[in-house]
Each structure stands twice: as C-alpha cells, then as structure tokens.
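Chain lettering (A, B, C, D and E) follows the sequence in which the chains are written, and residue indices restart at 1 in each chain.
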C-alpha cells in the first residue's frame, strides 16, 4: 500500500504558514516518513501539470494556506479540491481571510492606485499598471486576474477542516496530521483547535479584576506594560476573551495583547461583532458623550476587530461602486 | 328683519360639500382643523368677531360640515385682520388665520367672494402691484382701491392724502424693484400650484382623505 | 454679526419716519445697517389671501438675496422693523423649515430666478436686536434727555409678537417697556398692548377699523398716558392719522401723540427732530416731551 | 395604492424592540390604530442590552435594508441600565459600519417609552422613508462554496500601459 | 458555529400554527386563509389552522386536542401581543400536559392588522412574523419556572385618601404596612376640601376617622415627613431605604397641645401656610391643621431662628412640658424589607399663572378652585366666608372650567374632576353669598353616580351656564357698568355671540397634574410614565393597578386624574392585588434567565461587571463565571457581551434569535 499523498499550497498569504510547517522541526521527519509530499511549490519542484495528471481524489489531504483573491489561486484551489479527499484551510488567511482580507475595505482600483501611483517611493511617470493580456512577439502573454474581493478558502471551495492561527501553532499542526493519519478526525467542518477562549490558558488570568470596565482604552506604545497583569485590565485591547486558545498564549506571554489570529470559538458567528460587543460593554460610562469619548480611543475598529477575519464577516462586504471604502469619516 | 318672510332653515346633506373640509385641510398644518372642539376661544379672543356674520368658531364648524357656499361668500374671512389671536390661543393648535387665508384664496379662485367689498379688492390690487413691480406703492394702491369700490369715497380721503403727501409720507412715484424679470420667473413656476388643493387635485394626488 | 436691513414698502412711504429714526438710532448705537439690495415685498397679509405659495416665494427671494449680500459670513441677521413684514418673513422662514414639500416647491421657483436659499438667515426685529444683542448700558449710556415723568403706553400690536416671534412674550410683551424704562420714561399699565388696531381694515372698512383704533386710544387716554409708542407703521398710521376722524365719530376728543419707539429713543438720545422724522407727524409730541423736560441729563 | 406606488422600492427593516418600553409602545400604537408603513418587522427582546451586534449583521446579511433598535429612555431601563449597554455597543457599531461603507441612516437607535405609541409610528415611517431613499442595501454575495469571479468588475477599467505585463 | 440540536421528544419537531381572526380585528385586514396556507408550507409545521377567537375556550381546546393527539409538540399562535395572551396560552399548554415554553406568539394584531392600511402588506407582514415564530420555536426547549418566597410586609407611598385606604385595607387583612408620607401629616388633598360632590358631605367628617384609624392601627407604621430614598430587589423581596427628615420634635412625646406654637417668638404667621394654600400664614413651629395625623408639631428649618442662626431664646422649649423639642434631630435612614409596594403619590394642581390672559396673580379676586375650597371651609382662613379682598361679599362670580386642561399648550387631557367640583363650588358660593354665578365650560362632563343629578340641581338653582371657553379676563372696562369689575370675555357658543360679563370674583377651575418630581419617583420604583407624567398601568383595562414592574402597584391620582370614589376604589384594588401576591407566599419567576455553558467559558470576566443584579459571580474553583438564576432578571446584557457565546438566555438564545431573524425575512 502506498503512503498517503499530501499537498501544500500557498494562495494570498505571507508565507509564514509554510515556515510553520518547517517549524515542526524534527517532527517533520516523521511526517515525511509517513506521507508522500507530492506537491509543495514553495519547497519542492512540482508543477501544476503534475497535479492535473493525478486521479480525482488521489491526494489524501491538501493543506492550503492564504486567502483567495486571484483567478490563478481560484483555479489551483479548485484543482486541488478535485484531486483531494480532504482539504484543510491552513492558517488565518485561508480560515477567515487574514491580514490580506483587510483589502476588502478598498476595491481593486484603490489598491492599484495606491501601489502604482500614490506610494511616495513609487516613480511611475508613464502610469503603467499590470495588464492581464499582452501581445508580445512570442504570442499573447497573460497575468492572472486580481479580484476585487478577497475571499476565505471556504467561500471558494468546500473545506473539510480548519487549522487556525497566524501561523497555526506547531503543536496543532502536528496533532492534526497525526489525527488525519490515524483517521481520528472530528466531524467535518471542525476547527482543529480547542473550543474555548484564550483567557483559559493565559498566564495572566489570575490577575484579572472582578469588574472589567475601562475609562480609557490604550495602545501598547502608550504605556509601560506590566508583565504580570491582565492586559485588558491595563486598558489594552487584548482580544484574548474572544479568541480561540491553542497558541499557548504566545503573545500575552511575550507582553503583547492578543490580536485574534486564532479566530472565534464555535459559538460565535461573527468575530468582529462579538469583539465589538464585548469591548464596548467595558466602556465605563452611562453618558452618551463620555461613551463616545472612551470608545473614540479605539482608533481603527474594523482593523482591530476584523484584523484576521474581514472576509469571513457576516456582512462580507458592502458592494461599493466607488473606491472610497475604508476611509474613516 | 322684523317681518316673517317664510325662511326655511333646514339644510339637506346633499346640498353640502363633504370634500370642502379636506380642501381647506390640505394647507400645511391644516389637518389640525379636524380636532376642533368648538370651545369658542378663537371667537372670544378675536377683536373683530362682533362684526362678523359668522364667528370664527362657526366658520370651522361650517367648514367641517361642508357649508362651502356660506363660508366662501361670508364677510368673516375678509374681515379677519390677521392678528393671530385665535391661532395663538387655540387649545388644539388650529392655525385659524391660515384657514381664513385658505378660505379667501378659494373664494377668489371660485369667484364667490363678496363683490365690491373692499378687502378682496385691496388684496387683488396689492397682489397685482407686487406681481408686476415687486413692491407696492401705497398711493397707487389706495387710488385703485377706491376707484374699484366706491369712487366717491376718494374725496373723503383727499384731505388725509394731501396732508400725508405734504409730509413726504405719500409719493406718486411708482416703487419697483430692479430685476423684475428675476422675480417674474420665480413666480411663474408657482403659477399652477396652490396650497389649497381643489377637490380634483385631492383625488388625483391620491391624498388620503380622512 | 452683520445686520442686513429690510425696510419693506411702508417704511419707504407712510412709515418714512420709522426709517429715518431707526437709521439714526442705530447709527447712534454704532450698529451698521446695510439695506438689502433690490428687496421685494415680503408677501404680507393681503398677498397671502391670493396666493400663499407666491407669498412664501417672495420672502424666499429676500432671504436668498440677503444671503448673497452677506457673502462669506455665516449667518445674516435680517433686521425687519415693519411688524407685518416681520411676521411675513418670519412665517415664511418657519414654514420653509417645517414643511419639506413646500420647501421643495419654493426651491424650484427660486432656481428659476437663478437664486438659492441655504437657511443662513435669522429674521430679527429691531426690538429683539436692541434688547438681546446689546448690553443695557449701551442704550442708557446715550440718554441725554431722560423721559422723566413721561407716561408712555407701549403698543406692540398683533403681528410683532404673534404667532411666531420668540423674542418676547405673546401675551404680555416686555421689550419695548424695557426700552422706555431705560430712557427714563414711565410705562402705563395698559391691557390692550397687543390688541389689534384694525390693521388694513381701518382705512377701508371704517365701521370696524376705526372702532378698533378708538378702543385702544380711549383706554390709553383713560389710563392717563401722554404718548403711545409703536413698532409698526400701520399701527402708527391708524392710531395717529385717523385721530381727528375718530374724535368726530365717537364724540370723544382724543389727541395723543403716537410715535415710533425709535423716535422716542432718538429724542432721548438728543437727536434732532429732522433726523427722527418728527416733523412728519399729525399729532406733535412736543407737549409730551416738554413734560419730561427739566429732568437731569444722565451722561454728558 | 396606485400602480406607480407599488413599483417603488419597499425596504425591509428589522426592528429589535425591548419588551418593556418600545415593544409595549408598539402595542400601544396598535391599540390606538396608528397606522404606519408595513416595512418594519419587530423582533422582541427583553432588553435592548440583549442586542448582540451579531444580530444586526445577520439581519443585513439575510436581506434587511435597515435595522431599528428601540429601548427605554436613558434612566428608564426596566433592568436599570441595559439601555446604556446597548448605547455603548451602538456607539462603536455605528462607527464600525460607517467604515464598512454602510450608510448611517440604515441603522438607528431610538429611545421609545411605553407611552410613546406615536413615536413608534413616527420613527418607523421616517426610517422607512429614509431607507427607501437610500435604496436596497447591496452586499457582495457571500454564499459559500460558490466561487465568485468578479472579473466583470464595475470598477473603472484600469488603464494599462504597454510592456508592463511581464 | 456548533449547532445545538434540540431533539424533539419524538424526533422531528411537530409545530402547530394557529391563526386567530380576533373577530374582524385581524381578519379584517389580514387574509387569514392565505396566511394559514402559507404556514402549512413551512418546515416542521404539521398543523396549521384558523379560528375566530383563539383565546376563547374552544380555541384553546383546539390546541390542547392537537397536543394530546400527538399531532403537534410545539405551538405557535398568531394573534395579539404576547403581553396580552401569552399567559393564557401557556396555561392552556400546561393543562394539556405540555411544557408551556414550547410556545411562541406572533403578534399579528397590534403589530400588523391594527397598524397596516394595505391588506396585501398586512398579510405579507403577518406571514413573515409567523415564519419567524415557526423558525425559532424549533429551538425551544422545555423550561421550568422557579419559585421565590415573598416578604409579607407592604410599603404604601403617599398618605392621601388612596394611600390611607390601601394601608388600612392591608392592615385589616393582618399585613404589616409601612405608610410613608412626605408632608408632616397624612390626609393629602382631600383634607383641604370642604364638601365632597355629589353628596355634599363634609370632607373632614369622612376622612378624619380614617386618618385616626391609620394612626391607631397596630399593623401600620406611619412615617410622615419622610421620603423613599432607595429601592432595590424585586417582586416579593424589595429592600427599601426611607429617609425620615428631622421635624425637631420627638414624635412619641408630643401631644399636639399647641403650647409651643403659641410660645414661638413669632407672634404671627410669617410664611405661606401650605395647608391653606397660601391664603394664610403660619409660624416656624406649627401643626398643619387641627386634625393633622400624627398630631405632632413640626419646625420649619427654613424660618426657625434657632435652626437658622442658632440664637433664639427658644421659648418653645420652655413651653413644652414634655420636653419634646429636639433641635439636634438629624436625618434618619430606615431600612425595610417589603414584598409589595403601592404607589399613591397623588397629584398637584395646575399653576394658573401659566395662563397669563386669565390674570391670576395680576388682578385681585381671582382665585384657584383649591383656594376657594379653603375659603368656603369653616376651618379655613376666612372661617367659611366667601369675600373679596376688600371684605365685601361678591355679587357676581365667574367660574372658569378647564384651566390648564384640554389645551395642547398645557395639558391636553381632561382632568375629569373639574366639572363636578366647579358645580359644587358654584353651589357653595351661591349658598354662602347669594351671588350670581356664571359657569364657563367647554363640555359639561358629569359621568358618575348621582353626578348628572347634581348638575340638574345646579341648573334648578339658576346658576348660569355659558358654553364657551373663556378667552380673557381683564380689568378693561368698555362701558360704565364694567368699571371696577373683572371682565370675562368669551363666546357663548350656543348663541354664537361674544359676551363680556363683569364679575367681582373669578374662580379658576385648575386641572390636575403629575408632581414635578415624577421622573425621580418613577426611576426610584422603576415604573413607566405616560407622556403627561402619570404612572403607567400595565394594561389600561385589564391591569389598571399593576405596573410593568412586578410587585409595584398604583392607587389614586398618581395614575391619572381621579375623584375620591375612584381613588378609593383603586386603592382597594391595589391592596387586593398586593395581598394576592403576598398570600400566595411565593412568586414564580419567568425562566428567561441567563445560563452558562460551562465548557465554553474561558473565565474572561467580561460579564461580571455588567450584571445590575449581581447575579453573576466568579467561581474560583472552576475558574469560570457562574450565574445565580434566582437573582437573574433576564435582561440578557451579559449574553450579548459574552465573547465566547458561553452565556445564553433561556427563550432568547443566540440561535433562537438568529433563527427568528432568518425566519422574519427569508420566506416572505
């Protein structure tokens, strides 16, 4: 019997997820021993045609990281879906859209304008921007189409499991792989991480006060952060209460507030809204003006609460004909 | 009226106009008309009600009951001096002065106002002057008024007029604005629009008739 | 704050003395008044009877012109001395704000004349300006001929306070009373201060109009007043110019000077009779004024 | 209703009314037969403080063009201060939705006391007209598993200079 | 999202949808047939049917039969507001051995048929609301009500006739009652009246015995000169703090002998006598009136020289044989536990000077009706004589009805008692002075037992009635006959002429208004107000003495203008309702409380500070939150805030509401 075949693929992401696989360290050898990695563009020289030539369902599992935002990524994930028994959305971007998902506050034109014209360091007197088709002497050259909207993986293809995190914690990856190999998988659609919020494993939990209210929200650079005390109690916007645990509280241990990369727990259908609700509830005032004042300290609520999950928002995005999204008025 | 003349004081419902109240109520805030409780504060406050053929309160009752002919041809509306005492004191916020205006406008539109009574004549002379020149000239206005109502009366007023003239308080010069065209084009737009809606207009705009 | 002066038709004619004295007094008080360029009739009482919509459009044109004249300034204070114009403009101002359908129609009409109104107008009566925009010492400081012993009836008439004015009480207005007191005069308690003088009826439906004026004059006389002050050209006209006819009709000799409150102010400020249009009167206030003479000069 | 009227856009508005004040006020509007536009559908919650912002996005996602929230007047909350909690969340949510490109008129928080049936009528009529003026809420379809290739973008075509497609 | 699937007792849920016609209340606007046909198409609906009156016995039996027959296990009734009939249908479910919480109402009357003009739109909206209920009820689970014991003492706030009657009724039933009154004596407005309509019996004669009974009753603790400062807790278990202001007299020692009053350094009254509504003056130390209850003196700190400046010879102290005067008294706070509260805080009269054209305060001889009540009272400031300020008897008197009432600028409502008391005053004035009396009225309102007969009596007494609201009252005379008189100007609307009537004296029949501090009071007790400021009853017809706060009841004019018989009747009703609550011994709490799904709680403590009732605490052992269901009132604030969705609210879970949202919008 041949070993299970495994594919890794990389869509709109930073590459950190690929690093995370390597971070398995010595464990990766066990993985390599147990499976055949048949497709991993970032590390090994396989071509798309290699996948195309496989039978449907031949791949046991594909780990796909990154959000989907171009025609090429779309084609590739559809291809992998066809060829795979299981598809695992790997990391925040594939799971909930991730940092690239914040692009949904703008549209394609706005981004092109920014990248090709407005950035101070750009010199583009001829006003050139990429075009999808170009007639060269060799024939027609093409570039993938960049979508107006960034999507999560499951908005494009059916996904079997999710490995959250930016990047997914090594222990969760190892556990997931071993479960797949042993066939001890939970029901389809599950997130392969504990279903409880970060506070549960946060070393600062003991220092939480009984009444969690705030007169003033602060940003990390504005205060000397106490290394012991609950960060939220210090006025920092730590999203630990809203975010799934499993990372070992890496950030809060390192004296930084949780930014929510692991996404919500399963009772929550919209991470940003829940975060907003919980945080706004803490504003310690019953006066309309003062409430406004306290909450105005939250500089960029969408960026803060949907940092990793804007495309997964229930709202998804507002359809905007003009390129003015995201500008705070 | 000391001789019995065989009056028959009965009004048949079919002679009345049930839409009349809606016509009047179509002015801004006019719907308040429906909430009149006939308390008589308006008539009590009115300095002119003793001279009116119907008191202001009766006018409202008649509007509501559809006595269109009586209301439009009555002197009451034309005696209203627009002092707004009724409007200010009405416990139901009925803008009675505005209702008087609405009745006057309807009366003019339907040509049933008391002919040769000076106030409607004054109004229309004033209107014409402003329409044409943008301002009214008091001397012209008065001359026109007396010519149309009671030409002989003008002699009675002569002394007063001359005295005012000598004090520089009346002038034969026609007052006018400079940009008459500008004003004309503004008013022209409103030619076809009325703030009192006729019955037909009420029906065609589909306005809910309570 | 910029004040744009809206005279209205009467102040250019029968009410000229009002204009003369108003301009003189405001100048003495150092409040620059700028006359509204090419103003038109406010669309007053008589006009309303024919077309309310057009009446509102007339007012709206004045607003639009005033805004234009006001240039970059935020709000224009439109000073309207004639009570009828004050009501007409104030009513239009209010209705345009409260009734969007009406507003939309009027905007359309203005546009046809190449004008636009952006709600940047406050309609103000001079009494409102004098009481609310100035400190009292500004007025008392100018008094050179205090009106000591002079019994004055303050006649507000109807349209100045009713139904929309918000600068004074509708039943028992006080602004003119305050000014008379600042000038050193004595205000007569006179319950008819807002009762109608007959308005435009007086000259034309005399049975009614003259009686209304008579009631006011007779009661003022009974209460021992030397002088009536008004803030409305029509009231002034009715109460003053018909006095001899009223005396004739009701067999009750009445001769009370009826002047504008601005004339009274100007007199107290020591301005000349010519400047105040005090030559343009039927019943001279000279005797009444002399009653107050011998009073101390308040300031040098 | 004329044919012309029928053709106009009928917004769908979901209202969350607190049991003690605003829901009762809506009942009162009914008892007093104060007719208002039928576009608003009320979901009863015990207190405006129960309103989870998730519900609002859910309503928009399901096709609502506007969301109305009704609670007791400040200081009148049946549960002492649930309405203030609602206010805190609403304050942040308004900013949040604005950043997301949702017009502020699509969401409204009103304090309506149990006696204010007329206010229910007024607010519902106003809001219906407001939202009607805005037109339907257009959201990007987010139906899962249906790949959306928005190649046919309504964004202005990007001008591309020659020789850049390498 | 994890779907918590609540299996129905027998597998798939079976939902019955019952659409009520409510006569034509619903069926007149909503196409019930179409609605039922639509309901049949909804998932899990096994029965969909209609009936004329679902709340009737046959209607309820339809549901019960379907439940018993096993055709359904969940019930949706589309009819009126749940605030109206939810309890009815829940009881019907219990009677059919079903759990009452597997029930949901769709409000298609108050929210649809009564407020929608267009029939199509109404039908569509009704369908949407039914779809929402069907969608949500799938997730309902059986719940139980919890029982909490009830404290048997009752607090009555306000010592007017309503408060007195309520307190006595409860005390007679053996309950301990705290009666709190802010004035130094009980008695309220009724104590100031001379006669009562329509029987003309003496007000003091019928009230004083009840006041003494209050004083004497062993079950009543009377705290006058006191105010409720704080209310906490909930039905059956209120914790109340009462502030007792110092009266500088030891209540238990004072016998009301007036010696101290007579001894005061002020030999005459110096300040407005509240009891005589300003018609006379009183001293700094005083007893409000001879029948005051308790009959104890009180010292007014605003005017007492000793209290204000600490230098008085204090002759009062010397005069008091019982050493009852105590200048060191301080505010005292009493804490009590009560099971129910009856609010009987009454009203105030309209301030007539607000209508300047009536000249009150400007011209002499214009009085308010309450002032005239004192004037005609034999124990009042004039010894029962009606006279003008110059001491003469009036020859003509005008009584102006509706002062401050039925006017959008003041109070739009009818004050209900003015017509009758104006008739009474007309009678009394005529009786005492033989004056001509003119009543100016808009409408004569005399609905009540013996009231119309009283009106007829006055007509026969030849009192003048002019139908017309008075426009103006002034001293402006136009003819010699009017000189020196007050001239009332009004249109006689029955004749259609304006009349000027000169009178010597005017009585302004002022209406009733809520107290100025009504906002503070209602917040204190957590009750609502109508927009006029009257306390709002739970239902205008069916629950007229209950409020939306369980355990708080209303009596008397604080709920709206009322005369004495109605106040007393309502006070009795409030007492009975309070008694019913207490005698049951427990209260059942709606199970819409919050609960914690422990496995999802990370112990983030977001919820802890949000609960206004302290129902959430932190379990240090498990390191997670914990909800005390008995303290939880079911607002759901914590649920909305819980970042893990670990807290949920019974009957209002996230999923139920999300389903309702889907339902209300997705089918129609």
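Convention: a contact is a pair of C-beta atoms (placed from the backbone, for glycine too) under 8 Å apart; a residue touches a chain by one contact, two chains touch by 3 or more.
Because the structure is predicted, anything quoted here is derived from the model rather than measured.
Please state, in steps, how far chain C lies from chain A along the shortest route of touching chains.
2
If you tally the C-beta contacts, which comes out ahead, A-D or A-E?
Of A-D and A-E, more C-beta pairs in contact link A-D.
Please work out the Cα centroid separation of chain B and chain C, and write it as a whole number of Å.
About 24 Å, centre to centre.
Using the average of all C-alpha atoms in each chain as its centre, how far is it in Å between chain D and chain E?
For chain D versus chain E, the centre distance works out to 34 Å.
Approximately how many whole Å separate the CA-defined centres of chain C and chain D?
Chain centroid spacing, chain C to chain D, equals 51 Å.
Between chain B and chain D, tell me the centre distance in angstrom, where each centre is the average of that chain's C-alpha atoms.
Inter-chain centre distance comes to 47 Å.
Would you pick out the residues of chain E that each touch at least 2 other chains?
Those would be 357, 610, 637, 640-641, 654, 658.
Multi-chain contacts only, two chains or more: what residues does chain D have there?
Those would be 52-54, 58, 81, 85, 89.
Mind pulling the residue numbers of chain C that touch at least two other chains?
Not one residue of chain C touches more than one other chain, so the list is empty.
Spell out the residues on chain D that touch chain A in their complex, using ranges where they run on.
It is residues 52-54, 56-58, 60-61, 74, 81, 84-85, 87-89, 91-93, 95-96, 98-102, 137-142, 144-145, 147-151, 153-156, 158-166 of chain D that touch chain A.
What does chain E use to touch chain A in their complex?
Counting only chain E, the residues touching chain A are 1-2, 597, 599-606, 608-610, 618, 623, 637, 640-646, 654, 658.
Under the stated contact criterion, what part of chain A meets chain D in this complex?
For this pair, the touching residues of chain A are 71, 74, 78, 105, 107-109, 112, 126-134, 141-143, 145, 147-149, 151, 154-158, 268-270, 272-274, 276-277, 279-281, 283, 285-286, 288, 291-292, 295, 298, 300-302, 305, 313-321, 323-326, 328-329.
Under the touch definition given earlier, write down the residues of chain E that touch chain D in their complex.
81-84, 107, 109-112, 114-118, 121-122, 124-125, 128-129, 132, 519, 522-523, 526, 528-531, 536, 548-549, 592, 610, 612, 633-637, 639-641, 649, 652, 654, 657-658, 660-662, 664-666
Going by the contact rule at the top, pick out the chain B residues touching chain E in the complex.
It is residues 37-46, 49-50, 54-55, 57-58, 89, 91-93 of chain B that touch chain E.
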